[in-house]
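Take a look at these structures.
There are two complexes below, and they share chain A, which is joined by chain B in the first and by chain C in the second.
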Partner chain A sequence: MSVSDNPPLESPAGPLVRSVRDDFHGDLLEVSMGPHHPSTHGVFRMVVTLDGETIAKLKPVFGYLHRNHEKIGENTSYLGSMPYTDRLDYLCSMTNNWAYALAVERLSGQAVPERAEYLRIILAELTRLLNHTCLAGFLLQDSGASGTPLMYAFREREKILDLFEALSGSRMMCNYQRFGGCRADAPPGWLDAARALAGGFGRFLDEYEELITGNEILMARTQGVGRLPAALAVSAGVTGPMLRAAGVDYDVRKVDGYGLYPRFNFRVPLGAHGDTYDRYMIRILEMRESIKILQQALRDIPDGPIMDPKARLRGFRPKQGEVYSRIEGPKGEIGFYLISDGGPNPYRYRVRPPSFINLTLLEDLCLGHTVADAVVILGSIDIVLGEVDR
Partner chain B sequence: MLGTGLLQGLAVTARNLVGSFHDPRRFVTTQYPEERTALPEAYRNFPFLVCDGADDPMGTLRCVACQICEKECPPQCIYIEKSRDKKPDANGKMQLYPAVFDIDISVCMSCQICVEVCPFDAIEMDQVFELSATDRFTGLMLDRGALAKPNSYFHRIHPTQAAEVDARLAVERAAAERKAQAAAAKAAPRPAPAAAEQPPAAPAA
Partner chain C sequence: MESPEQIRDRVLARFPGAPAAVVSNPGPAAQHSLLLGAEHARAVAEFLRDDPLLRLDFCSNVTGVDWLDRELVETSRVSTPDPAGGPPRVTEAKTRRLQAGYLEVVYHLYSVALKHGPVVLRLRTANRTDSVELPSLTPVWRSCEFQEREVFDLYGVVFRGHPDLRRILMWDGFKDHPMRKDYAEPDDYEWEPTPHAEVMAKARRHYPAAGAGGAEP
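Let's look at the complex of A and B:
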């Protein structure tokens, strides 16, 4: 696909604002949704200008959850930033940890033992399952299926969180990866529990799909809603399932082949329409691929140490240099850009948050649709405000 | 046919509803204050200070007030003041002890970095989570008296980790004893006549 000739950004609804005062249309109405609206997935505010029920303009307002993450990262040690990365995208602390650990490992040339690499892949794929289950539940909640699908999704999520808790001591704020490996080895029986979960998860997906995928109301609410053209997605820097739902074959696991991913056999599902329904389906399909990766990893995981013996916990000072390192998080490409001046703190610490960059297209997706659709579209983008605002 | 998907979904809901009455795998909730699930061994909440003797917690704290955890704590919730005098530790070596050791658990984010960086295995993660207080400034500020808990408690909540720590400390203690004996043996032959009547005092093991 050629993307070099950036096409002009056109909204599906045509010109942004129509002439307002005519016989049939009244004034445009500005509605502020959020920052405490339950459908905005946190403290996110949408200033929506409405023409009747149709969205004529949408201004996203965020920053309510800004916690100075990057500045704090420049003022604490490299290790001290690790627990803060849990709090970026608080559903996916394991992948955040991995992205940060990978950046620091590349900066300092730190090797990682094979068992730790396998554990990281297992945890990253469990996180993907967890995130996509949550998304499937929340998306349905946003489209009006209140309760049931979300509760089914949370029932499964809880099993993954139990695994995380048994491994790292915390359900969500795992703080598990370290530079050069993982903090603690899997307790006895953990890998078997993970195998049981990976074996049973496909059954849950079947049940979930039976519950909702063929649902006519869901189809009516999501098909053709919030269409994202592939060229627009690429030029806006959208990554992750949202980009793949638009039909662009781009997965950092395949493109970069970080960790041990080249050893694994999995496919990258692609959407055909780029609408909200595709974005829902792509997550279901990705979960099925994640199960395959999990089963391969849990089959092949070797014994051995989980920390590189040369890794240092305290007094860690990487040599001067800079690095940008990225992984495929459940929401898209999560990257860390670090500059080291040889001191104990990074000189510059920058996060590339996937949900923030995916969110920038919200207006283009929502124009011409109704307010109720905007809620569904926002749900399908999959944002976590901890990561958007940092 | 339009509506098939809806009915199919309703059938799933019905199966789950009926199943929730007789299939134990579907009982996924716990009635919390009455029922409690067992915490996994790795579960961590807030730090506590390990002391070796249950009857004298302040005298047997393993902490030597080196302030590494205070320095490494990402949200800076630990406050330590060193003592002016020294006390013998478990190996008989004279060590400082924390005159003040406060942890503000309203700031603590349970990251466990203090535990990882502690060279003396003096601070470990607790599993008590019912810590609500009516006053956020004093009720959630734990001093060393509230933080000190005996090693037997550590064994109860984190048995594997506590066994590892004890093994490591036993090795250190044995090394300290060997060193003391070697020092005694080395010191002994030089003043040969005096050594017989006045053996060098071996540090209290």
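Let's look at the complex of A and C:
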């Protein structure tokens, strides 16, 4: 008898738990994990069919935060969508801004001055540090290390948010990039503060790694758990650190060389096993490379304008055409697909959300593991529901 | 990487009779795309994935576009010679022709192995109402699984051969497809800056019994 043939137990909130007879496995149990559960990182639900403690089937359910971001984008001007991109992946508003600004610049053939390009790289790498530190904290939280590692991570994140606030006026909803540059130049002393942060971040990583990386419990909980084969990862469109943890050398910063990334000297760390531990480790290694990029950018940033003089923000109407443009966000490839019909609003405005597409393989990764492992695997995928549901 | 024209020629050589055309993109990005016929789309997609020169193993982005019915006005000029020997008389005749709208699904393909791309594929449905089926490319690229579900949910394109075609962002009981250009929101839909009086008027229309008695609904 298949799972779905059984009438669910009545409950005012719908079928939460139901027992299912199965010819081979005895009793299977269908459990709804979420939508309100701290381990789901937001309002996300997994309908899990359990054979004892082992996962036999897992279907993710989305849409609790859906507000049809794309429809709203098609009903507002190009500039009007910029603050709204902050709310996609609300930890990484700076990279969302950049991805959108770059797409519009490619749609309209807009140039960007050099100083603005440097500022964008600095902000994108700061965002990567912030995102990966948070991920390391949350992953530890999910695997049972309550509180302390997360607070260590949040202490560092706060320093980066202070920099964002000094620059853009907002900690998380930065709304900072514009088509053809950036909204405001760095205030006096900001670059020195960023240099101090980049200089000290390595010491934080050393401290964090000494506490966590060799930890026996972490290794027992993550090594060999949720192994992702490289070929499957590519076919499923997995991008970002999760793809590189599977050993696939693909980083949009290197492949597309957008912005001024070809000028910078950095390496792309790769995993060997594709398991959850590799996905944790790859983030730590990427942060070390981000520090290198930050130090080069903060050393070489030139003076000059931050907006292209030809840039138009209001009354902006790109010519007919379309573009798909992508950047390497902290969670993976974030892209925008825009079609212009010559009007003030995009005819089509599409976000390619990395954490949504990275979830495609959640079931494959979790099958045969326990519920507690599923929580850790989900934590290592690194999702933000504002972006998954849009 | 090969140009879209070269790819089209090789597709035509490999699949004689398969419709394939280049749709040009007038914008500065110049990402031209390849329009495929629904019939052969699956086979062509497999060819593009496995071809040693292209190896498009990574389908990055799948999305829908809604193109409404359009009325095309065509002007034709007819010149009739003047029997009196003067200049010929030119009359303009305008004919209106209705071009049926369609739903379009766009795939952006890259190659992880050879690090090139994008190649843009487009598939079009016959119309927007009763003939909205297209072949699913999920068996070719697993990354289409959730994205095609999203296109089905928000645009109403039905993907033949999709392993699990259900709504993904809207709830199961939802009717209609909100990303379509002619989507009309239900009459009890409110959004935040709606003035209070309009909300009340709408509510009276929606709940006539409460409104008829003069009581606030």
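Here is the rule we use: the second predicted complex is superposed on the first by the 364 of 390 C-alpha atoms of A that agree within 3 Å, B and C clash if a C-alpha of one lies under 4 Å from a C-alpha of the other, contacts with A are read in each partner's own complex, and residues count from 1 in each chain.
Following the convention adopted for this analysis, contacts are C-beta pairs under 8 Å (C-beta built on N, C-alpha and C of every residue); 3 or more make two chains touch, one makes a residue touch a chain.
Worth saying up front: this structure is predicted, and the values here are computed from it rather than measured.
Should the superposition on chain A be reported as showing a clash between chain B and chain C, or a fit?
Chain B and chain C fit side by side in the superposed model.
Taking the superposition as given, does A:211 touch the first partner, chain B, the second, chain C, both, or neither?
After superposition on chain A, A:211 lies in contact with chain B alone.
Just to be sure I read the superposition right, which of the two partners does A:184 touch: chain B = first, chain C = second, or both, or neither?
first
Tell me which partner A:107 touches in the superposition: chain B (first), chain C (second), both or neither.
The answer is second: A:107 touches chain C but not chain B.
For A:70 in the superposed arrangement: first (chain B), second (chain C), both or neither?
second
Using only CA atoms and the superposition described at the top, report the least gap between chain B and chain C in Å.
So the smallest C-alpha gap separating chain B from chain C comes to 6 Å.
Would you pull the chain C residues touching chain A in the complex into a rising list?
On the chain C side, the touching residues are 25-29, 31, 57-61, 63, 65, 106, 108, 112, 115, 118, 120, 141-143, 145-147, 154, 167-171, 178-179, 183.
Going by the contact rule set out above, which residues of chain A touch chain B in the complex?
Listed in rising order, the residues of chain A that touch chain B are 76-77, 79-84, 86-87, 148, 152, 155, 158, 162, 165-170, 173, 175, 183-184, 187, 207, 210-219, 313-314.
Under the stated contact criterion, what part of chain B meets chain A in this complex?
2-6, 8-9, 11-13, 16, 28, 40-44, 68, 72-74, 109-113, 116-117, 125, 160
Quick one: which bits of chain A touch chain C in the complex? Just the residue numbers, please.
Against chain C, the touching part of chain A is residues 62-63, 66, 68, 70-71, 106-109, 232, 234-239, 248, 250, 255, 318-326, 333, 335, 337, 339-340, 347-348, 350, 352, 356-357, 359-361, 389-390.
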